[in-house]
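All chains are identified by letter, namely A, B, C and D, in their written order; residue positions are counted from 1 within each chain.
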Amino acid sequence: MSYLLSATCAVPAVGAVVTAALPAGTGEARRRTTKAVALAVSVATLGLAAAVAASFEPGGARYQLTESYSWIRSFGIDFALGADGIGTALVLLTAVLVPLVMLAGWHDADPAAAEGSFESKRRTQGFFALILAVEAMVLVSFLATDVFVFYVFFEAMLIPMYFLIGGFGDRAGGPDAARQRSYAAVKFLLYNLLGGLVMLAAVIGLYVVAADQGQATFGLPALTDAISSGKLVIDPTAQRALFLGFFFAFAVKAPMWPLHTWLPNAMGESTAGTAVLITAVVDKVGTFAMLRFCLGLFPDASKTFAPAILVLSLIGIVYGALVAIGQKDIKRLVAYASISHFGFIIMGIFAMTSQGQSGATLYMVNHGISTAAWMLVAGFLISRRGSRLIADYGGVQKVAPVLAGTFLIGGLATLSLPGLAPFVSEFLVLVGTFTRYPVIGVIATFGIVLAALYALMLYQRTMTGPVKESVTGMPDLKARELAVVAPLVALTLLLGVYPQPLTRMVNPAVDDTLSQVHRTDPAPVHPVAANGGEQK
Amino acid sequence: MNSLIPLLVAAPLAGAALLLLGGRALDRFGHWIATALAALSCAFGLVLFFDMLGRDTEHRAVTERLFSWIPVGGFRADVSFQLDQLSIVFVLLITGVGTLIHLYSVGYMAHDERRRRFFAYLNLFLAAMLILVLADNYLLLYVGWEGVGLASYLLIGFWQHKPSAATAAKKAFIVNRVGDMGLSIAIMLMFAEFGSFAFRPVFSAAGDASEGKLTAIALMLLLAACGKSAQVPLQSWLGDAMEGPTPVSALIHAATMVTAGVYLITRSASIFNLAPDAQTAVVVVGAVTLLFGAIVGCAKDDIKKALAGSTMSQIGYMIMAAGLGPIGYAFAIMHLVTHGFFKAGLFLGAGSVMHGMNDEVNMRHYGGLRKYMPWTFATFMAGYLAIIGFPFLSGFFSKDKIIEAALAKGGTEGWILGTCALVGAAVTAFYMTRVVLLTFFGEKRWQPDAEGHRPHPHESPRTMVIPMVVLTFGSLFAGGLFSLGDSFLHFLEPVTGHEEGHAPLSAFAVSAIATVCMAAGVGLAWLKYGRKPVPVQAPRGSLLTRAARRDLLQDDFNHAVLVRPGSALAATLVFFDSKGLDGFVNGLAAAIGGLSGRLRRIQTGYVRTYALSMFGGTLVLVASTLLMRSV
Amino acid sequence: MNPVNYLYLAALLFTIGASGVLIRRNAIVLFMCVELMLNASNLALVTFSRMHGNLDGQILAFFTMVVAAAEVVVGLAIIVSIFRTRHSASVDDSNLMKL
Amino acid sequence: MSPIHALAAAGGNSPSIPAPHVEYGQLSPMLVVFGAALVGILAEAFLPRRLRAATQLGISLAGLVGGFVAVVVLAAQGHATTRAGLLAMGSVAIDGPALFLQGVILLTAVLAVLTYAEGRLEPRINGHRIDAFAAQAAAVPGGEQERTATREGLRTTEIYPLTLFAVGGMLLFPASNDLLTMFVALEVLSLPLYLMCALARRRRLLSQEAAVKYFLLGAFASAFFLFGTALLYGYAGTVRLGEIADVVAGTAPVTPALAVTTQNDALLLIGLAMLAVGLLFKVGAVPFHSWTPDVYQGAPTPVSGFMAAATKTAAFGAMLRLFYVAFPGLRWDWRPVMWGVAILTMVVGSILAVTQQDVKRLLAYSSVAHAGFILTGLIATDRRGVAAVLFYLLAYSFVTLGAFAVVTLVRDSKGEATHLSNWAGLGRRSPLLAAVFALFLLAFAGIPLTSGFTGKFAVFQAAAGGGATPLVIVGVLSSAIAAFFYIRVIVLMFFSDPQPAGPAVAVPSALTATTIAFGVLVTLGLGLLPQYFLDLASKASLFIR
């Protein structure tokens, strides 16, 4: 039994504790050591994650590098970890993003003069410790192969996230920023807590049902095997109820229309880095869990509800984009764009085709990267001017061309321009959906026009036109900020041109999931003799 | 030898990357790098061309597969290039004209501090356009398709500090997106139908598919073509696109990118041939656009916009030809090439004029420039004669062929199309003559510019003149060259297929009529603008003129039908989101709070109330226990 | 005589006591009403003890008296102390804490 | 047959009453505690003032720890499982649940007593350390007598023996195997508590009011309990839980009298209901909860903590025994009713807490809600349910104790600053304390990786297993509501700006610190590695009859 996975989760966890325990103090030197330690930890985690990806064999078993330690015998709970293609991809994403987020938020936790004497001396320590805590919990939930373990960390990660949102806003808020922020934080927590509690009921229900049939375990592989082998039969009504219980939690987390309203507040009020953590990392746990748990555990119910869910996600795609177009606040615009994107992800998952689901998985990764780039640059912009309002900007490209350029790239990635990573995933999702639900697929393609609208509108209004006096003398990206953006842009291009490393990893897992729900891709009407691109 | 194909793309791509990442260090000589790389790509193209000519007909098409791009289940997208007679024609046009325009831009953009970036974008465009024409499957084509869209977005909006430019750029991209939607749906349809979207398998299997499916695919492709090639109803962006620097207008919005739609339709011949309804749609679009563009061209005083209208109309010719099927494809391409030459030449000329007139674009402020910029005048005239189809110049051959083909369509349809084409020819002659007269003839109507500098017209630097001269040759002789023994036709035939149309009139008759129409147009223009002096302020003009000045109200239409309702919808949804959905959530929280506030009242603080609640509770408990037993 | 009548009496007493608690204001009286309820229970116990012919009930009654006595001690202590503070034994006066 | 029956059978004319046989060994936990209580009284009577506080603390700790050791020893000897049995002529049952709960109660009491002795919080009065309790309970608030008492730095050391008596009663309560013993235990644990409520040093009016309310309502409730006892006795002719069960099941030898009384189920059912009232009052279930907020608020905070933790534990123990030993046969009668009570308790408790402005009242309402959650476990009516309830009580006791201990530390010039507005920005000023309190709140809210979550999971799982799925759903929804106000406090502490003249956080002595630390330890321990205690609970989940 290798300890690679547990190490990958443990390093940030321990790092969080260490960082929190570092000597307090508002001195610049103290802060720098704190940041350095935290960054080092996150980089180490990245290394471990890379090791996981490296030692993962695409062809091999569904779950690899598995570990299992008995945790709560009374409830048949093991602390079981295992990496499958989907999980590994997302682990990589997380591990890549966290150091960048830290770097981007390097000064976000420096005590603000405004908060003066009451300012806690441990602010910096707290900020970076919380980020690491979130990372650790997210990693566990991506790797957990035990329903209970997943649930526990799925829920627990809310708390550090909550403190990140409520405790550290960007400095662009209005007079009642503090109130807005705590409102956003509470909203985030209550929404997700409600989802989590409903899921708790479902988790318990699942255990009871399973225990009645002699499968008293939370082990995901065991359960899925029992289900697909017919050893464990959940009667349709119960299965639907349980599915809804799970799905509700994930739909809130994802977030899926109409349960999305917490996201704009949370992303709007928190720092750009935190916003990225929310939309690019934490929310992915939701969509990831739909793919792994909803489909794996409740295949029939998933199929029953798939059409309804597809419609909701379709609404989400169009709705999110339209509302984004109507936004006045940069970060809220990005948030609604994300809602639209999550619509695509969920649609891909429940189209139940290999293209759809591989596309959805790639989408999670690519959306993470591209939105991170877009959001972080937006954050840099906002931190320079101290306002989130689109109207306060104009002609930035004149004074800060690099910033504008990277912002444009972020926007182009968001509207999934071919050649950039998001295009691959978005097109896969569309094709995957189209092959089974043509109408939905066609309507969804309107999303690409709307995406172009909000992305380019934002760019046009902030970056082009005559230089507003409010932005004159705005400095261009600093070295640190470039260091944040460059890898993201590079990844966006790389995965856009050569996504194979991901697809090779993801495809087998997706095929396994599809076999769990007993679905196969619809065959073409008039299949061509020679396969698509294969002509030497 | 095939390994050269990727290099075709790689060279300009490398240039773009180099210039964008290179930073200020490259400001001084970056543009020369870009030009060199464009030329290099052109050289590769020529090598490949002659290599191809060296092979016999059925071995001319070659495929170069680089790597598998997106493999998921049955979905296989490869990065794989296919070089056949059709694509090589485009390769040569793109790289050739591209190189010339790079050269021209060296002079034109000499004083722009962001020149390096401009050339980076130009290179980026070349790369994307080459991907578009070299792709061997629709998805890769899509990459090039949107790539050129991006390049055009960047270049139209190159002078971003001008709000008009930024808006025009965005408009172009978004209108194109609508077209792209068509392309992506077409690809999805193909995948669902054939399990593939690569040219060869799809075309080979096209026969099996139902006509309905094929029509759907074809119509979606047509939508895409309309977007890229500024055909009705997606034509509105091309006029505004003239906000970009003139070389851009010449290269992208005249010679190459806008003709991509024609390429797409021709390339998909095997699908269109099996979907007659779709073909009808294509010819209708083409015919309508050729008149639409021509009319707009007549009314514009902005020289570039006039030329833009002309472009629209000329592409209308090509689309119509392509819609005619095997009898038209080759001629569509032929006209595309010749048009590439003379329209590029005309734009460069226009640019040169503006260059000399402090970037004045209003033709009513020109006049009598022929003495001041002879080279420009000469080359412009050549282009002019070519486009109006002056006998035995490029336009003459290519356009007459299309008219013939239109008539050859046969029946009323044929007559209608033929008439449209002929009318178009006449109108073309009219507006082009108008341009020439307003610009180079008549008395000076020069006006001081915003800063009050009076213009001092002068001939442009050599870097700008040379390309114009070179293009002139194309404008003059390309057509003749291609038609010598129908060499061009036979060269393309293996790809596009060809069947002789049987026009109700003899070729000579057609040419004669066309020439007469042309003469009529010229004459009319001379009567209107040649004889009497031209007012500096545009007269109010007839209703049609006014409509035409406003691009026949296309923007007003879009604004009324799409933009305003759209933004209204967005606003409504924003409200609904905050007040509706979010309101519901907050309302729920408030409701619980209120309930709590109400329930608190029972906690009166009086012992006896508490005792009462206990007593009541007891009674209820007892009662319900008894009840449980009785039921 | 049928012992059941004693039960009715007991129930009556208990109810009187309970309603006394609900309607009277004076803490002492309230407390007396509680005592009345206890004694009602005692009566019931004794009756049942008789019906069942075993002594458990009577024993219970004795215990109850002891407990009641203890309760009186504690209760009066509290009530007296609060009376000395407020110069009133009305339970309605003491509602500083509410909601 | 108990000697009483023998007597009755003998027609009452044989004077020979055989001496009852009492297993002192197995009763030792209670005996030790009661003994310590008596010693405490003597100390109170004979020791000079200055020595008392320390001595009393010593005695109490000795008694409680001794009791705990005794419990552990008994458990080790297997009295919880194999050698579990009925003692003292069958009036006391020492078995798994009894010992488990006695252990919990004793530990809770130890920690509570530590907080009693905390002398660092109040400012010294001319050299005398003073604690949270009235200088002289008998003195009129604000009167001359009180002032002198305060000046002399008097302390109500009686609190210690009182606590010991209460603890003794609590130990007996879940172990009592007949209704008589249960009633006595109930009174023994209640009467001292009534007094302890009245002993607050500050805000004495509130304190006295709390006492009088608690006393009157408590007495009212016990009257119901007693009448219920009477009716059941009337029905079954016995007060032994086991024998009652037999009669209900119809397995008991039928005497003519029984033949008559068992005709009348009303006796049985009404009796059952009234007993339930008595117990539900103690656990603070709706609609018998109204005393909780007032009493918790008025009582001295350490006492509130002790009551909230220990009383609930004892009362639930008794309830479990009553329902599982005496009325398993009536499951179908009482379960639906309990469903109603549980749902009402969870929902009303959570909703009422939402708008509270006083920390102690907030905790009171939260304790009501928790009573509801525990009831769901009790309704499972199987061993898993018992184990779940036991575990929940363990987890809950220490969180509560810790939370109230934290409350004692947040003070301003007028003593404890319990109004929520005073807690604004606490996290900025003393992050550690705020973090600890936040941890406790999260445990109350049942966030994973805290003891609260494990407990909630256990009871809900038991309930679902017992087929009470709707209860579980109501449970999760009301926990969502409950989360709302716990979160509110956290927001207040961390995200809102402190008031300029806000309260200070007193630095406690090792005593309170120990309590809080222990609370944190248990909260995290039961959250992260609960297996051992879950095993313990499930081992101890079998009632002897």
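FYI, contacts are C-beta pairs under 8 Å (C-beta built on N, C-alpha and C of every residue); 3 or more make two chains touch, one makes a residue touch a chain.
The structure presented is a predicted model; accordingly, all values stated were derived computationally and were not measured.
Contact with both chain A and chain C is made by B, D.
The largest tally of C-beta contacts between two chains is found for A-B.
When chain centres are taken as C-alpha averages, the shortest distance to the whole-protein C-alpha average belongs to A. Centre-to-centre spacing of chain B and chain D amounts to 80 Å, using the average Cα coordinate of each chain. Centres computed as Cα averages put chain A at a distance of 37 Å from chain B.
Once the centre of each chain is set as its mean CA position, chain A and chain D turn out to be 45 Å apart. With centres taken as mean Cα positions, chain C sits 97 Å from chain B. Multi-chain contact residues, meaning those touching two or more other chains, occur in chain A at positions 190. Of all residues in chain B, those touching 2 or more other chains are 589, 600, 603, 605, 607, 611, listed in ascending order.
Shown for chain C are the residues in touch with two or more other chains, namely 18, 21, 30, 91, 94-98. Chain pairs that touch one another are A-B, A-D, B-C, B-D, C-D. Interface of chain A with chain D (complex): residues 70-75, 115, 118-120, 122, 126, 151-153, 155-156, 158-159, 163, 166-167, 178, 181-182, 185-186, 189-190, 193-194, 197-198, 200-201, 204-205, 207-208, 211. Chain B makes touch with chain D in their complex at residues 589, 592-593, 595-597, 599-600, 602-603, 605, 607, 609-611, 613-614, 616-618, 620-622, 624-626, 628-629. Against chain B, the residues of chain D that register as touching in their complex are 212-213, 216-217, 220-221, 224, 265-266, 269-270, 272-274, 276-277, 281, 286-288, 290-291, 293-294, 332-334, 336-337, 340-341, 348, 351-355, 481, 484.
Per the touch definition, chain D reaches chain A in the complex via residues 425, 427-429, 431, 442, 445, 447-449, 453-454, 457, 460-461, 464-465, 469, 472-473, 475-477, 479-480, 483-484, 487-488, 491, 494-498, 529-531, 534-535, 538.
On the chain A side of its complex with chain B, the touching residues are 187, 190-191, 258, 260-261, 319, 322-323, 325-327, 353-355, 358-359, 395, 397-398, 412, 415, 417-419, 424, 427-428, 430-431, 434-435, 438, 441-442, 445-446, 448-449, 452-453, 456-457, 460, 463-467, 497-500, 503, 507, 511, 521-536.
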